[in-house]
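After this come two complexes, each holding subunit A, first together with subunit B and then together with subunit C.
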Partner chain A sequence: MTSQLIFNGLMLGAVFSLVALGLVLIFSVMNVVNFAHGEFYTMGGFMAFFIFQNLFVKTLGWPHLFSYFIVLLMTMVLIGTVGFVIEKAIMSSFRDDLLMGMMATIALSIIFSMGMASIFGAGTVQVFHPVPGVMSVLGARVSRGRMFIMIMAVFMCGVLTLFIHKSRLGKAMRACMLNPEVAQLQGINYNFISALGFGIGCALAAVAGLLVVPSCSLNPFVGGGYLMKSFIIVIIGGLGSLPGTIVAGFILGFFESFGSFYFGQPVVILLSFVLIIVMLIVRPQGLMGRAE
Partner chain B sequence: MKISKTKTVAILILASMLLVSSWAYAESTSKAKTLIIGQVLPLSGGAALWGQQSALMGKLACEMWNKAGGVTINGQKYIYDTITCDSGFTAKGGNACAQKLVYQDKVHFMNSFGSTVTNAVGEFTEAQKILTLGPFWSKVAENGDYTFRLISTPDQTDSAAIAFFRKKHPDAKRIAMLGLNDMAGVTSMELDKKIWLAEGCDIVFFDYYERDATEFYPIVTRMLATKPDIIQGLSPRPGQWGVIIKTINELGYDGIIAGLDDPKTDIETSGEFRAEGVYGYGGYTFYDPVLPTWSNYVDKICQEKTGKPLAFSPAGCWEAIACLHEALFRAQSLDPDVLVKTMKADDFCWYSLYGRAAFGGQKRVSIMVPTLIGQAQDGKYVQLEKVESEECRQRLSSCRGPLANYPDIFKSK
Partner chain C sequence: MQNKIEKGFWGFLTSIFLMVLAPAFVNTGYSTLVLSWVCLNCVMAASMRFVMLTGHVNFAYGGFVGIGAYTSALLVMRAGLPLCFAVLIAGIVCAIVALGFGLPTLKLKGAYFFMASFGFAEVIRIIFHYFFIDLFGGVDGITGIPYPGSVLGISFDPKRGWGYYYLILLICSLSLWVLYQLEHNTRLGKILMSIQQSESLAESVGITPMTYKVMGFIIGSFFAGVTGSLYSHLIGVIAPEDFTFMFSVYILMYVVIGGKGNFFGPPVGAAFLTFISSFWLKALGFWESVAFAVVMLITILFLPEGLAMLPARISSLLHGIRKTIIEDGENGTT
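And then the complex of A and B:
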């Protein structure tokens, strides 16, 4: 049973980290809390439903895994571009304005979710796994699809970390996270970096949706649940800390897995919020965040 | 081409007749007053599909009865219309909607969806004597005077279903119960627990999950550790139980599962396992040819407009207008007290989506409907047994009618 709980924790942690990473990235670069993050997750889910399942596999008969990777790339580019354009057109006016930014993203969240419900219908649909079946690992039963999500989530976190730390654009992004004014004095185009950060954040949420939806289900409002979890992770990990977010994602994953097993799900939800309050009192900057 | 004089006269007479009849129709419609039914529905959130279907059902029922001539009360013709408000499936939303519909829109009747929401709506409608009908399990129906329930309650369906499972699987005694953490979930979980215990079974697992939950691995792992013979799921949202079934299967359970609530959606969302062998008992499939022709027609419209078959709960919103129409016709009054008395009378019944239906149960505020028990087989939902309670039989045998005017489709079966 312990191995099952560990695997459950790992699977949940990987998903939580991936969803929360985009939220942290946007906050770090723009100082805006993106309440529409869950809707970008849902958009990724619909990419999986319409492009991967209905178009590539069912209509064109392409192989599952190949189609899935193509859609993964398409999702990153398409949703990333949507995010980039939204930042330029709307969100750029609210950089560093936490309250107005929050209001704007709440409005975007409602527009997106209701828009998707109007266009795609409010029904719940299922997307099939690119890798179906169940396997046994160290006595734990794990679906191959979940294992795939876990590997992909860890891979995506790795790619993002490398991008942020090793690439020129990533370094510019880090500079803007630390101090936008000084970064601009060094010749960094903050307007571009901010839009790029927003785009990457949205793309990460969409990729998370694309990966997770085959294991759960999809409807236009499904992203809301992950948004709340992302906030918990961000507070535990530390606002603005990417490594903190990954660590906190896995902490929450294990907390949910073991906690739900021993105490039940409602108690775990309650304890998650108690944990937030304790964290805010004892260590407001989070596990790996910077103190003001 | 030459047209004879006789033909010309005939065409002219026909054209003038058409003109006169359309003028007469327009005249009669313009004189008709409109009865507004306020609809409090979950148009956003995880239950939005049910909200969309409910809104459609309310609108469709109005159209059907308006086409059939509406209702005439003491010589005054009335037609029906709806105003819909999004409750978000919360008490807060229900409260706001009720205030708007009652005080601002001044609706004549109310159609409310969901137990928690109807509890909130009931605070206004009961005080204002506004007749409220709809799909919910809320106790406001028993505690109030003007609230009627149009879906069968767990105490009607679940005892029949549990008796069926006990007969079919006599050795299965370890029961795991997993329910949605809302008013309907808690009510049905507590009730079913008593029924299982009375049947001599052990409840080895009893827990709730949250409305927006999408991950079920932790709770299902915990449930399966208790080694249940039967897993019963209660009060989920559209498709949610399918995801739970998928998780249960992925974690290697091969026992009995009961709980398809929205069978087609649940079978779809259970993925490659197709909910094989899973039982359902609360929900109806209105495309089933054993149901009346008008049920199949309503379901067809619903599938065309929402892409999904009509679910059991939203059907209650169509039912509300069908029932109200019969009550108005019989009572020949808009007085809520007279209408309540009429609906509770021994001889009251109407054509529902299940065939003839009447009110029964405590205080006679619950629709009496037979329980259909079904199972997912080869990816399809198959009806296994129809159980009609003694009360249901008695109520329908004492009923007279239906008497009101019904759309033409009701004459076909």
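And then the complex of A and C:
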């Protein structure tokens, strides 16, 4: 049983990290807390439902892993572009303005979730799993699908870390995180980097949604729960710290996996809030955040 | 500045006068309900802004309103306390909870506080939903909260609902007056303003910001409890899902759309949006919240100071036009 819970915790942790990384990326680049982040997660889920399930599997008859990867790429490009355009059109007015940026993203989140509810209906839908079956690892019976989610989420986190730390664009992004004005003096196009950061952040949430949805249920309002979990992770890990976010994501994943088995879901939410309060008292800047 | 506030104050008195007369012109129970709503929302928006003076946006505000509503409903139904005591105790309970929540979290700045309060809103909802079910009623909440028949010997006519409306109007006007005085005419208000301007500068002249932040937070939450208590007796049914994060978002919309730079902004926004939503947007049904979101997005994009600044904006615009015309005329003659 314990190894089962450990695997569950690993999977949840990887997914939570993926969602929270997007939130932290957006916050560090443009200093806006993205309250519409959960809705981008849900959008990814609906990409899986609509394009993978309805189009690829039911209409074209391709229930393969390969077509799932095509949908994954499509999701990243499509939702990334949506995020990019939204930043250019609306959010660019609210860079560095915490309150107004928050109000704008709340408005967007309402518009998106109601829009999705009107298109897809408010009911819960189930999505076909591309990786069926169960396998046994170290005495635990783990569904292959969950293993797949975990590996993919860890892979995506790794790609993002590599992108941020190794590529030229990632270097420019880190410069903008540290100080936008000085970065602009070095000839970095902050307008572009900010929009790119928002797009990548949204795409990460959407990919998490796409990965998780076959193993869970999906309705237009599931994003809210992930938003709260991302907030908890961000407070524990330290806002603006990418490694801290990953560590905190796994901590919350284990917490959730063991807690909901031994105590049940409502108690876990209460306990994670207690965790936040303790964290705030002991180490307000988070696990790996910089002290002011 | 002084002049502007004076103007706002006269506007405030006029609107109270109009609100007193209003029931003479409307004849349905629904209109009275809407008028009561306007009063409650004005106080909620004003007290939310009072906490926002130090830059702390409290997403658990709806939760505090819920605590007030549950406390008052339980006190009246289970303990049989008269309403006026229940209102006061609901406020005090909220203030105590605010003290417990504020002490560890108010030292957080900006985004961190949003997130912590967001989490606390969820905690309050979950406690009402899953715990003490025989007391809080679980997911169904508390139903059949009695409509107050009389307060301090003055009996109301429950069929029309005017009596309770006047009580709400009285309490809300008083609350607004207290909040106004606290902000403009006390040491606390001035210190909160100074913390808003520059916390480190305030610290350097010997102010401990934390003490005053907690005081401001407690006062704001006290009024949340008071309005929550009045709300529960007005509606008669409360459930945990009424007091989620979205409740706070609506209050925050009133503040931002009305204009958070001025004391009279949030009440203006609250009254405007409540009237619009109860008489016109209700017809939209499903799309009501989307309409709200679009209005908010347009307001913060094109009128970031809020509706309260609209007259000043228009007059400065007119002034600018007149000036250009005069200058053009002068240029033409010379």
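Assume the second predicted complex is superposed on the first by the 288 of 292 C-alpha atoms of A that agree within 3 Å, B and C clash if a C-alpha of one lies under 4 Å from a C-alpha of the other, contacts with A are read in each partner's own complex, and residues count from 1 in each chain.
The rule is simple: a residue touches a chain if its C-beta (ideal position, glycine included) is under 8 Å from a C-beta of that chain, and two chains touch if they have at least 3 such contacts.
This is a predicted model, so every value here is computed, not measured.
Upon superposition of the two complexes on subunit A, a steric clash is found between subunit B and subunit C. In the superposition on chain A, contact of A:Tyr190 is made with neither subunit B nor subunit C.
By the touch criterion defined above, A:Phe50 reaches neither subunit B nor subunit C. Touch criterion met: A:Ile90 reaches subunit C, while subunit B stays clear of it. Residue contacts after overlaying the shared chain place A:Trp62 against neither subunit B nor subunit C. In the superposed model, A:Ala104 makes contact with subunit C only, not with subunit B.
In the superposition on chain A, A:Ser143 makes contact with subunit B only, while subunit C stays out of contact range. In the superposed pair of complexes, A:Phe254 makes contact with neither subunit B nor subunit C. In the superposed pair of complexes, A:Gly121 makes contact with subunit B only, with no contact to subunit C. Looking at the superposed arrangement, the partner reaching more residues of subunit A, out of subunit B and subunit C, is B. In the superposed pair of complexes, A:Pro266 makes contact with subunit B and with subunit C alike.
After superposing the two complexes on chain A, the stretch of subunit C that clashes with subunit B is 132-140, out of 132-140, 186-194, 222-230 or 312-320.
Overlap of the subunit B and subunit C contact sets on subunit A: residues 114, 117, 224, 228, 266, 269. Those residues of subunit C lying in contact with subunit A across their complex are 57, 104-105, 107-108, 110-112, 114-116, 118-120, 122-123, 126-127, 129-131, 245, 249, 252-253, 256, 260, 286-287, 289-290, 292-294, 296-297, 300-301, 304.
On subunit A, the positions that touch subunit C within their shared complex are 27, 33, 90, 93-94, 98-100, 102-104, 106-108, 110-111, 114-115, 117-118, 224, 228, 231-232, 234-235, 239, 266, 269-270, 272-273, 276-277, 280-281, 284. The part of subunit A that touches subunit B in the complex is made up of residues 1, 4-5, 8, 11-12, 15, 113-114, 117, 121-126, 128-129, 132, 134, 141-143, 146, 212, 214, 216-217, 219-222, 224-226, 228, 256-257, 259-262, 264-266, 268-269. Here subunit B touches subunit A in the complex through residues 43-46, 48-49, 51-52, 181, 207-210, 212-215, 217-219, 221-222, 225, 237-240, 242-243, 250-252, 265, 268-272, 306-308, going by the rule given at the top.
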